[in-house]
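Next, two complexes with subunit A in common: one pairs it with subunit B, the other with subunit C.
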Partner chain A sequence: MNNRIFVSIILISFSLLLTSCWSRKELNDMAIASAIGIDKSGKQYRVSVQIVVPSEVAAKQGGGYETPITLYTTTAKTIFEAVRKMTTLAPRKVYLAQLRVVVFGEAIAREGIGPALDYLARDHEIREEDLYTLIAKGNTAEDTLKVLTRLTKIPAVKMFGSLKTLNRYWAPTSVVQLSDVMFDLITENKHLAIAGIQIVGVKEQGDTKKNVEAVDPATYLQFADTAVFHDDKLIGWLNESESKGYNYITDHVNKTAGHGTCPNGGGTFAIDVIRTKTKVTGSIEDGKPRIDVAVHAEGNIADIECDIDLTQPKSIEQLQKEAGDKVSEVIKKALNKIQHEYKSDVFGFGEVLHRDTPRAWKKIKKNWNDIFPTVSVNVNSDFKIRNIGTMGNSVYQPSEE
Partner chain B sequence: MPSTAKISPRQLTILAAIITVGDSILILPSIPTYEAKMDAWISAMIGLAVGLLVIQLFVTAGKLNPKLTLVELNEHIFGKWFGTTISLLFLAYGLLSISAHLREIGDFSVSQTMPDTPIEAIHILLLFIMILAVRLGLETFTRLAEIIFPWFILFFLIFTISLLPAIDINKIQPVFDNGIKPILRGSISSIAFPFMELVVLMMIFPNVNNASQIRRSMSIGALIGGIILFIIITLTILVVGAEPASRSMYPSYDLAKRINIGEFFQRIEVALALVWVLTTYFKLTVYLYVFSRGLAQILRLKDYRMLLLPTGMIIVVLTLAVAPNISFYNDYTDKYWPFLDTTFSVFLPLLLLAGYAVRKKMKSSH
Partner chain C sequence: MKSKDQRSNKPLELNLQTNISYIREILGNSSDIVIREIRIGNNVDVGIIFTDGLVDSAAISKFIMETLMMDFPQVESQDLDLLPLLKNKVLTVGGIKYVAEFDAVFDAILSGDAIVLFDGYSQGFNICVRGWETRSVTEATTETIIRGPKESFNENLRTNTAMVRRRIKDPRLWMESRQIGTLTKTNVEIMFINGIADDKVVDELRKRLDRINIDGILESGYIEQMIQDETLTPFPTIYNTERPDVVAADLMEGRIAIFVDGTPFVLLLPVVFIQFFQAAEDYYQRSDIGTLLRILRFICFFIALAGPSLYIAITTFHQEMIPTDMLINLMAQREGVPFPAFVEAFLMEVTFEILREAGIRMPRAIGQAVSIVGTLVVGTAAVDAGMVSAAMVIVVSITAISNFVFPSTNMAIPIRILRFPLMALAASFGLLGIFVGVIALLLHLCSLRSFGVPYMSPMSPLSLGDLKDTLIRVPTWAMSKRPHFIGQKNNIRARTPKPKPPKSRE
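Coming up: the complex of A and B.
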């Protein structure tokens, strides 16, 4: 009898262990944040959080279209306080573990994003390993996060998705995760480059559902250019082609498209670049640091708009050379702008010299910022054309005049 | 009180491997990466080599009389008063270690996943199952370790393989950038935390049913554990990078967060953290067993089990008392703990060997 009572007490006490932990969060108590935007307003942070409205995202029949997201914006001395302050606006606690992107306004980027990063790294909910970082070009992060998008209802998911496709097929901006930003920031003598995002169209209209009702929305978001930093401060932008050059050097081009001029005058051809590999090596020549950039690229012919006989292996060779030169040209343009205009080592050449010539690096380390613009960079690109698509010679043969 | 529990050399190997990994898998990587930066993997290698030597030393001391536990050996060699004093010091070290390691688990859970949970709740829950295991005896929890070990290895392999795509070889170069000194500084904790702390197993040497195999078992176990730690530290540098790792509280947790295969196999860090909590749990259980059994031998108690609940209560308080905050905790484990480990894993065996030699000489001169 005693034994039975004892067993039942034990069994009942087990149920106490089933109440789960103190820190439990019920799904319907959370406001799931998909993007966070950080701006400055005076000396305070202005933090905007894009919250997913679950009932709008879920599949359903009928019903009117309401906005799938809502934006909470608060201002406080620190980002942490601003996020907590959102409880004054939101009925639920903001949950940050599903964040997809973090957007910095251009103004705060010019002032320096360093101080703002600490909270993002320290908070246990935020996973900096898969959080893309963006700079709102010519805008505030707040306005950027207000724009509604089509095809993908949640704008942050749209940004996340297009960044991934962008990275895979076009490579015009620098796609970086927050953890990469932090890594670059604490790596001595390597500066940051972060993708930019801009609002195209009428800014004021982007946050109404009217905007997404049209086939061709009046306001939309576009990834554009790459922000160049010196330490944690934005100092300028690279345009699309320069960004591509930057990506070639840092070996971030997976697939891209390029064009060149046909050898026998006039007309252009386009190339589908399918894989590239860049090797950057450093050496010391006559006591001066030197960088070699060797690009190996492979591609297929995608478009021929000139008179060339593709059945001849020789013409492929000519096109190969032209494509290679084009890649070198793109790279050199980016190099020129960064070395001479921005003077900020976003390529990590310092780290390359550190790896390849550790002893010499110790001497030049201190003056690296002054030496960087004068470093001679030798670009060498080797392009291989493998296929020419689903047909031989072009249907279009320009008539000779 | 001679314990009748018997474990096989194979089981000792598994225990040694699990204890080597223990809590080190969670907290160790940040210390050598802080000192030696990207050369931390060399520190880990030195740690493994020196660690294996230290193990030879205390196995030799344990073999002076393989039928006696460390506490009995102390008394046998140094006599009642001096021997008991040394044993009490050793047990105090054991108790302090339990509290410190338990605190690690508590701090980890509270800072990474459950910020609102009182740390005591985590400590008490873990202590509860530790006491449960020790009550059931050495044989039982060793068998449990035997069952869990293959799963641990499986998880570790999944972990390693899924991180291979994230490796960036540039992060480890150049080698020997800052010379040998930081590497040696970094290796101190890589020797102490995983390998020197194996000294507690001297208390269960008499329970191994084939005493001649002890040296082999200990060495192989430590080697397996050491290789796992070496891989973890190297991966930390290759994936996370030395600088961020040295700033991180739990680099291996950051490492697990990087796992992302096809946007599908991702966010598994909590599952992996559970495995690390498990290895630490085994380390803690062995410590608790060693402490209670050692104390029972000193006090000439028939059974060590009655000591478990009071010990548990002391530990609950001690885990909170070891450090007022996490910075203090990290500071004193980094700076002073390796010396505490050295005292008991190097100086104590040396003292035992010296004492034994002196006694032998005295006997032969009689």
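Coming up: the complex of A and C.
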């Protein structure tokens, strides 16, 4: 009996040792990738990985080289090989689980990003749910990832942080996670729209430390416009106002800022939009598909630069109407551009029709790409002003002449 | 326990000198045995024998010598036998009884009683004049509290039982005494409340105590190790305390206390796991803070048990679980640390254990030096030297401090031991290893028994009514029943209704 216990203890302790701690990775044997950029170089992928230099980023510790990130770029037939090839450049194994951003160059986006997505989805280290996707407008992903940023040392974390704030306070950017991209690609009747990022300033200077030493850096990154896709190919860009319209339709607006013209001519007012809800419904009218977009928005008055008596309920009503019209206008602009210029159903109207009128959908499904530009869309927005701020009438009253 | 030695089990002789020389011979003429020979009344030779240091010298000279030598001659003594006369009319002492055998004589002398022998009589007196130096009743050192009684037991058995008796003034508080240890003949008393304590458990305890055959009992730990249910476990299945209020409370819950002469630590049984998380103060403070402290202790239990192993598992296997910024910071700290996280943690833990052990054993005078050096070793110096990362120092420190949260050091010990195997599991298998380890631990805990009571009661087997005093501590008026799992006799503890203000008359 004692013998048996003794033998089993020996065996258990051996088995502990024999595992040799498989799949163990010490922290200082890893290179954390914060962003991955994908470009094409001929028929091969050119993959850039932004690696964090921990000793530079961590508080109170300074190394000697003084850039918080380093960029490894390799070229190979597949992305996987390219990532593995980085061992020829990096002293440590590249660790992808903490990726924040994936950036596609505009060139590869125009060719199609579909094939590149498979590796990102299949690799067990990469978490699609927490990985924002961006398109480098007019640039390669490699150059975009090189730009150093102020305030947040790691550019990828900067992008991630900005996107989160943008998503909450500024509607014109479409924040899309990698999992959403994949979902939209799989969804038959919806096309992609992804936020764009661009380098402002002198591209060549962005990767030096000098860039971030200035109060007003010569080169910086800015989110701009939204890339419109047809299937997995980039076909064009929406500008700021159109992006906002797009986001209203897809119900991606949380909070935003807007302005309108005061009812009695002259002067503007600004609205702090605090809550919006969009309902898109589809129906068949005279054998033709019809889409209704109903936006319910709430906001506070943020700024009054005209002569209006806010103490009168009537003026509030006027402002509400004006704000609602403004929202409709923004939406219509976006609709116009997408329906008639890009002809790509990024709103998922096809999906709406599929859901609301399944029988009719079967008939129009095949020709949907041709029908989409002709679909009549009825926009209806309803705006409610909840609060007028910490003041009644404006201190500034234009003198009456 | 009777000594089986035939040597002293013989009756007293008539001749005083024979008796005295026999006593001298058996006790090896020990220098602390005082033999005083006097002559009283009608020229009867008397020998007073006692152990110096164990008796109250004032009592001997005042109540024995003075009465015998000065008061006795005035008593008319012809009509009575000498001994009953002395016992009934002369000696002004409380505890007095006859002795007729050497066995009893030696027991009495060595326990601090005085023996009075008379020439021409084969009987003598055993007079209780015990009185030796004891530590006074002081504040509890191991279980300190803010609100509540401060006194603690000392090394004197009678003082200790009296402290409990003072708290429970009920005729049902019973005590049973026995002597254990062939050499030490240590007085051991079991105390329980008849009618509340489970008779079966009391019987079982008697049996287990009678089974003990050992030369000496110097501390209640000896008894604990010889009567516990399961020996192959790091967990204590018998509670010990030096607080009389804790003993009183546990007696009222149906537990049994074992007092051992010579130690302030009293054993309590049967115990359950949860009891080691219950501090006396939980009941003295109001229930809300009592509950919060309970929860805090459970959190500390897990930190103390699995703190370093979680750190090892997450930083070497599951880096994706760490927020990016923190991961970068951790990496920056580990930059240049030559050891794997497990070795790093092990180094720090061992260092801490060394410091702790040294802190307890070293002479008080050099305590200052050790704590200064210790702070440097565990603190910044180790980090600056690049031996360990700063985060590891935090983990080890919080683990160490969590380990001190338990009201009973008994529970701190198994956690301290089990931390190391868990660290090895974490280093080999990551979180999976930790969970397997914790599950194994849980199974082990569920298999334990303390005098027949499942160790994990009232959680497993579940007893809903008794959960009132586990993770939460309900108000005192709501704890109306005694714990069911200890004994089913006389279960009602209180019938106080919930306090509320009188209804307004207006």
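The rule is short, and it goes like this: the second predicted complex is superposed on the first by the 378 of 401 C-alpha atoms of A that agree within 3 Å, B and C clash if a C-alpha of one lies under 4 Å from a C-alpha of the other, contacts with A are read in each partner's own complex, and residues count from 1 in each chain.
We take it that contacts are C-beta pairs under 8 Å (C-beta built on N, C-alpha and C of every residue); 3 or more make two chains touch, one makes a residue touch a chain.
Here the structure is a predicted model, which is why all the values come from computation and not from measurement.
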| item | value |
| --- | --- |
| Fit-or-clash call for subunit B and subunit C when the two complexes are aligned on subunit A | fit |
| Partner chain in contact with A:V157 - subunit B first, subunit C second, else both or neither | second |
| Which superposed partner A:T165 touches (first subunit B, second subunit C, both, neither) | neither |
| Between subunit B and subunit C, more extensive residue contact with subunit A | C |
| Partner chain(s) touched by A:I186 [first = subunit B, second = subunit C, both, neither] | first |
| Contacts of A:L27 with subunit B and subunit C, given as first, second, both or neither | second |
| Subunit A-centred angle between subunit C and subunit B, computed on Cα centres after superposition, in steps of 10 ° | 50 |
| Touching partner for A:R127 - first (subunit B), second (subunit C), both, neither | both |
| Contacts of A:N3 with subunit B and subunit C, given as first, second, both or neither | neither |
| First (subunit B), second (subunit C), both or neither touched by A:R355 | first |
| Distance in angstrom between the closest Cα atoms of subunit C and subunit B, superposition on A | 6 |
| On subunit A, positions contacted by subunit B and by subunit C | 21, 23, 127 |
| Interface residues, subunit B side, partner subunit A - complex | 111-118, 121, 125, 170, 173-174, 176-177, 241, 243-244, 247, 254, 257-258, 260, 266-267 |
| Subunit C - residues contacting subunit A, complex | 315-317, 319-320, 324-325, 327-337, 340-341, 424-425, 427-430 |
| Residue ranges of subunit A touching subunit C (in the complex, touch as defined) | 16, 19, 21, 23-28, 30, 32, 34, 52, 54-55, 57-59, 61, 95, 97-98, 100, 125, 127, 154, 157 |
| Touching residues on subunit A, where the partner in the complex is subunit B | 17, 21-23, 124, 127, 129-130, 179, 182-183, 186-187, 351, 354-356, 358 |
